[in-house]
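Worksheet: the structure to be examined is printed underneath.
Labels run A, B, C and D following the written order; every chain starts at residue 1.
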Amino acid sequence: MTDITTDAAPRRSLMTPRGWTVFFAFGFALVVLLPVLNRVVASGSFAHVPDYLIPLIGKYCTYAMLALAMDLIWGYAGILSLGQGAFFALGGYCMGMYLMRQIGDRGVYKNAQLPDFMVFLAWEKLPWYWEGFDMFGFAALMVMIVPGLLALIIGWLTFRSRVTGVYLSIITQAMTYALWLAFFRNNMGFGGNNGLTDFKDILGFPVQTQSTRVGLLIASAVGLGVTYLVCRWIVNSKLGRVLLAVRDAESRVRFLGYSVTGAKLFVFVVAAMLSGIAGALYVPQVGIINPSEFSPAVSIEIALWVAVGGRGTLAGAVIGAFLVNMAKTWLTNAAPEVWLFFLGALFVVVTLLFPRGVIGLVADQRERWRARNAAREAEAAEVAT
Amino acid sequence: MLNVEAIDLFYGASHALRHVSVTADVGKVTCVLGRNGVGKTSLLRAIFGLQSIRSGKILWEGEDIAALKPHERARKGLAIVPQGRDIFPRLTVYENLITGFAPLAKQLRNIPEEIYQLFPVLKSMLNRRGGDLSGGQQQQLAIARALITRPRLLILDEPTEGIQPSIIKDIERVIKLLAARGDMAILLVEQYLDFAQELADTIVVMERGEVVMNGPKTSLDAEQVRRYLTV
Amino acid sequence: MSDAPNGNGRSTTPRRTETVLYLDGVSVSFDGFKALNELSLVIDRGELRTVIGPNGAGKTTMMDVITGKTRPDEGTVIYGVDTDLTKLDEAEIANLGIGRKFQKPTVFENLTVFENLELAARDSRGIFRTLLAKLSGNDLARIDETLVTTGLAEHRHRRAGALSHGQKQWLEIGMLLIHDPQILLLDEPVAGMTDHETEQTAQLIRRLMGKHTLVVVEHDMQFVRDLGARVTVLHEGSVLAEGSIDHVQNHPRVIEVYLGR
Amino acid sequence: MSWLMARLRAVAVAVGIALLTASLVSPACAQQFDELMKTLVSGGFNEKADAAEKLGALGDGRAIPALKALSDGNLYTRKADGVALIADGSRYFEALGGKALGELKDDDVEKVRANNRVRGAIATALSQLSLFSDDRATRLAAAREAFKSPTPETAEALERALKSEKDPEVLAAIRFSLYAAKVSAGTPDERIKAIAALAGNADPQVKNLLTGVSNDKDAPEAVRKAATDALVSIERKLAIVGVAENVFQGISLGSVLLLAAVGLAITFGVMGVINMAHGEMIMLGAYTAYTVQIIFRALLPREFVGFYLVASVPIAFVVAGAVGILIERTVIRFLYGRPLDTMLATWGLSLILQQAVRSIFDAQNKEVANPEWMTGGFELIPGFFVAWNRLYIMVFCLMVLLAIVLLLRRTSFGLHMRAVTQNRDMAAAMGIPTARVDALTFGLGSGLAGIAGVALSQVGNVSPNLGTIYIVDSFLVVVFGGVGNLLGTLVGSLSLGIINKLLEPVAGAVLGKVAVLVFVILFIQRRPRGLFALKGRAADS
């Protein structure tokens, strides 16, 4: 859980050279290789990446961002927030609202002022909170502000009264649950249980076309990269160490004169904003946002991604998100009824047997390997003498 | 009898007991003396399995019980009156007493009249909450609770701590009485020499997690013992 | 219990101008049990004071009160000239320059020795400052210096969790030193240490005398003797005796509470 | 509707007693009666109408069959002598006395026609007549019915019925309707008296009646004022009833929450563990009830099937409890001291359990029928309906709570549980096998959830995700009520339930929930450890 800190050097660079190479390799694969293989390589060729993969991988990228946010709040600050899914959805809805406004009069009811579902519900005018969402800039801002603000309020109320551990998880879950219920209501003005969909275009590009999808994939990949760097920066900063300290010995940190509440609040809000951005990138790629994203189950699943990859390691979060969701995509098609069994079992097995996740397994394996080599060399030395 | 053979106990990296060996004979009072922080309580927790030891043996009636769980040791006839008494605060006095039935066979699950003879005060407050009792009453309750399990090894950890003298006298009387009955080994941990000397047959002195003196009360040089205890 | 202690406590140390910590009539009770009973205590700037006493005498509770972990039922705790500590919380008190070492060593096991010290280093505690914090040259200098004073130089990049018990204790002391506190409260600094470690700790503490005001709670009389400092004996929540080691050793009440009954 | 049935039955009865009643009425009346009967068959529509009305006022049961036949279009006259006949298919009876005449040729008889006015008059008449039926239920129904047609005639009939009536309830009903009649007819101060008499009553019918009066332009000012005042007091009554109803609903919801949460609270209290699969234990309980129901239907005669519910309670307890113990032994005990991981692991288990149920039974909602003795309910006060199943669940909930208290206070297991909660180490030192206590506690908690499931199967449908509906609320109850403390759970669940239901009318169901959540979050500002927080390991982390 701690291999980020064990080899920390006094003057920390963001990443080790090796880290950077891996980072850019990944980046290259997502941002350049995939698009080229999809757009340039002929569809007959074995190297060709089929179209359906592009938005799928794009989706994974946004999930990975979400996982990073979760890791920041849980893996580093030790707060198991079950509200990340809600923040993700809120960001998604902000983007969704922008996309709805872009439809203009191309809706079924040809109403330039109101989205279809409002016309259908016989609303006269646009509710005030929809104002401004026809501007991308504004929407983009809200994508961060809305989840951030909610996190700020909930976090402030809970952290300052020193609500921790299970209690905090329950509160955040209840928050998610409440939002879930609320967004199912038609009179909330977010399309009820159908949510927002039938998007036409984003920034003028039609969302359905493959080129836009590739564009979105690249955007998501870049978003993932930036998120990763931001998280890296935070956990490498002194604040990052404060967080670890809070996770391990909260009261001690107070005696060192740090404001535990402040530190927690900061990551909580940052994590919420990152989740929001992830949601915003997610929506145009899947073409719909609806209340099911608020389901408490989603939020808990995010924790699993992180746990599988290895909590407290940023790389682990990303790996976990990709692995679990690839498994999900495959299983839900191959054997839908098995999926939940698998997912459930995964929860149990990971927490019970591999609390340090994939990264942990790899690390241990490497340890064993080193040890064996050392032993062998020792033997060799023996023999030599 | 109890034979603690060269046990080591660690709290994390802190070495709390170092090769400690103690024996307690049935019908005798063995008194472990030492200033606080020298590991007396750790020794008791080890004997009772509330702390796991890293090395050494704990032989009770010839059998090594080091691997047993605390409640299994209770079944083997061990009982403890812990430091700070650890009365169950929200259980009534009566309920506190009958927690002692747990390790007993059905037919033994009763409160012997002698308990009330030893501690008449308890009889009058069976329905009070343990937490509401005074320190001295709690101490008596704790001893009574331990006796209900029909122990063959009774461990008392600083039974006189923060207790008014009158009750200390009572407790002293009780311990003498139990020792005289000759059916149980008594392991008494104390900081206070005088109280110990009143009761002890054997005295063990600890310092910094080690046994520094050990032998029959008579054979030990009281002055030297004193030096280990006083400031 | 007698009321002599308070009078005693006052008479032996009348209040002086360079007083840095002043407890007066502090009482704390946990459901009935009086942990502190009108405790009055005066610590002078730069003084090394050892506090001893049997179990339940209220030594740790006293530290809790000073560091804001426990709010007293009555009484005042004045720091410096007129800062009432009973009004402040842990973080604020820590930032005033009152450092505390806990009975059980609590270093951040998952951080390196270096990082532990860095966290403790005296600079802004603001969230965004910490986010942007860069180690200045003299921070590094201070850290290195502390690493030397605590004899942990060669362990700087080891995980604190991997240190020996004694080393953890020193690291924790180091974390207090680097914060350069006015007052250092050390709760059983040598508990669980080997004789050798104990000696080294005694030396370390003596080196700190004068630079800082030190209050040491300890049971290990050898250690207390080694420190050779003014001793305060607590008993049942108030001061029983105060003075030189010899003074308290021959103090009849002290002998009584330690051997008595 | 039911009163109508009653009335038809009444008609039949009335035929029987016709002669008897006849003997009571004076010759003068008898003569008048015959007159009226003649007009009824021979007169024009308007004559028929007021003949019918008069017959009603006359209160002579013999008229009933004829009137009835007329409105149903089965009344005929014999051309020869104009005697009234009633046709049953092709066979005929005499309308008076009902002497059977067998088949008659169509051209010997002539159908007596009626129009709507006539039928209306007949309806009123019949209702008035059945005021004198000797069947209590009929009279009661008639008296209540009379309320709807507050005409002078009705008033008359009622007056007379008042004299002959003995049964207190019927009397009350008659008076009630009489006031109603008087309200809209009679001298102003009669009317005002009547209004005053009704003012105390929160029956919606009365409300409409009085509203009618208060808006009635041609009613005297004084009367209208009286009516308006009466309405105000009635409004107040209705408001109170409304609140009372919400509180009842709240308590009902609260008791459901209590059932769902109490097991959770206990396990959390003793072991400091939050069991995310708790909801699925509830679900298992509900499915147990469903299965038991099927088995009973298959094996037992109809009259016993109703008892499946009684049987399911212990079975559900055992099933869920067993699963709980299994979970504790195989997963949770390895996670003590890691509460967050416990949450995740148990969540995983909840997914598995849900999917398992989905595979065994399908994902469709299963309907667990209320046994007869739980269906329907009664009207406590007008406008306040109490459903049996809700009431039973409250009672059941209390019983369960009582059982738990007994278990905790009277059994050695309960004692051990409390001892472990308060001081784990000391409990172990006293020889209490803490590990076993943990397992059993977890079993108990799960078993209780199972019982809750049985109860829930009576108020809603049973589906694999039944548990998820209640789990969050149960969590809130635990957070709100504080840990390891039955009183806290009781107060917590009831108050959350009531708050919820009181908010619903104002804010709507969902916003109500949201408000409750906000309330809880603000509440833990004051008491982070809940209403009746206890010290101990349950509280840490």
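Rule of thumb we're sticking to: contacts are C-beta pairs under 8 Å (C-beta built on N, C-alpha and C of every residue); 3 or more make two chains touch, one makes a residue touch a chain.
As the structure is a computational prediction, the values presented were derived from the model and not from experiment.
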Quiz item: What's the overlap between the neighbours of chain A and those of chain C?
Solution: none
Quiz item: By number of C-beta pairs in contact, which two chains lead?
Solution: A-D
Practice problem: Among all other chains, pick the one whose mean CA position is farthest from the mean CA position of chain C. | Solution: D
Exercise. When you average C-alpha coordinates per chain, which one falls nearest the overall C-alpha average? Tell me, please.
Key: A
Quiz item: Between chain B and chain C, what is the gap in Å from one C-alpha centre to the other?
Solution: 32
Quiz item: Between chain A and chain B, what is the gap in Å from one C-alpha centre to the other?
Solution: 56
Practice problem: Calculate how many whole Å lie between the centre of chain A and the centre of chain D, each centre taken as the average of the chain's C-alpha atoms. | Solution: 49
Self-check item: Centre-to-centre distance between chain D and chain B (centres being mean Cα positions), rounded to whole Å
Solution: 64
Quiz item: Where in chain B do residues touch two or more other chains at once?
Solution: 89
Practice problem: Based on the touch definition given at the start, go ahead and assign the chain network to line, ring, star, complete or other. | Solution: ring
Self-check item: Touch relationships between chains, expressed as pairs
Solution: A-C, A-D, B-C, B-D
Self-check item: Residues on chain B engaged by chain D in the complex (per definition of touch)
Solution: 48, 50, 69-71, 74-75, 79-80, 82, 86, 88-91, 95, 98-104, 145, 149
Self-check item: Complex contact set, residues of chain D against chain B
Solution: 412, 415-416, 418-419, 422-423, 425-435
Quiz item: Given the complex with chain A, which residues does chain D contribute to the contact?
Solution: 274, 276, 331, 334-335, 338-345, 347-352, 354-356, 358-359, 468, 472, 475-476, 478-479, 508, 510-511, 513-514, 517, 520-522, 524-525, 528, 540-541
Exercise. Note which residues of chain A are touching chain D in the complex, please.
Key: 80, 154, 157-158, 160-167, 169-171, 173-175, 177-178, 181-182, 184-185, 296-297, 300, 303-304, 307, 337, 340-341, 343-348, 350-352, 355
Quiz item: For chain C, which residues count as touching chain A in their complex?
Solution: 67, 69, 89-92, 94-95, 99-100, 102, 106, 108-112, 114-115, 118-120, 125-127, 130-133, 135, 140, 156-157, 159, 175, 179
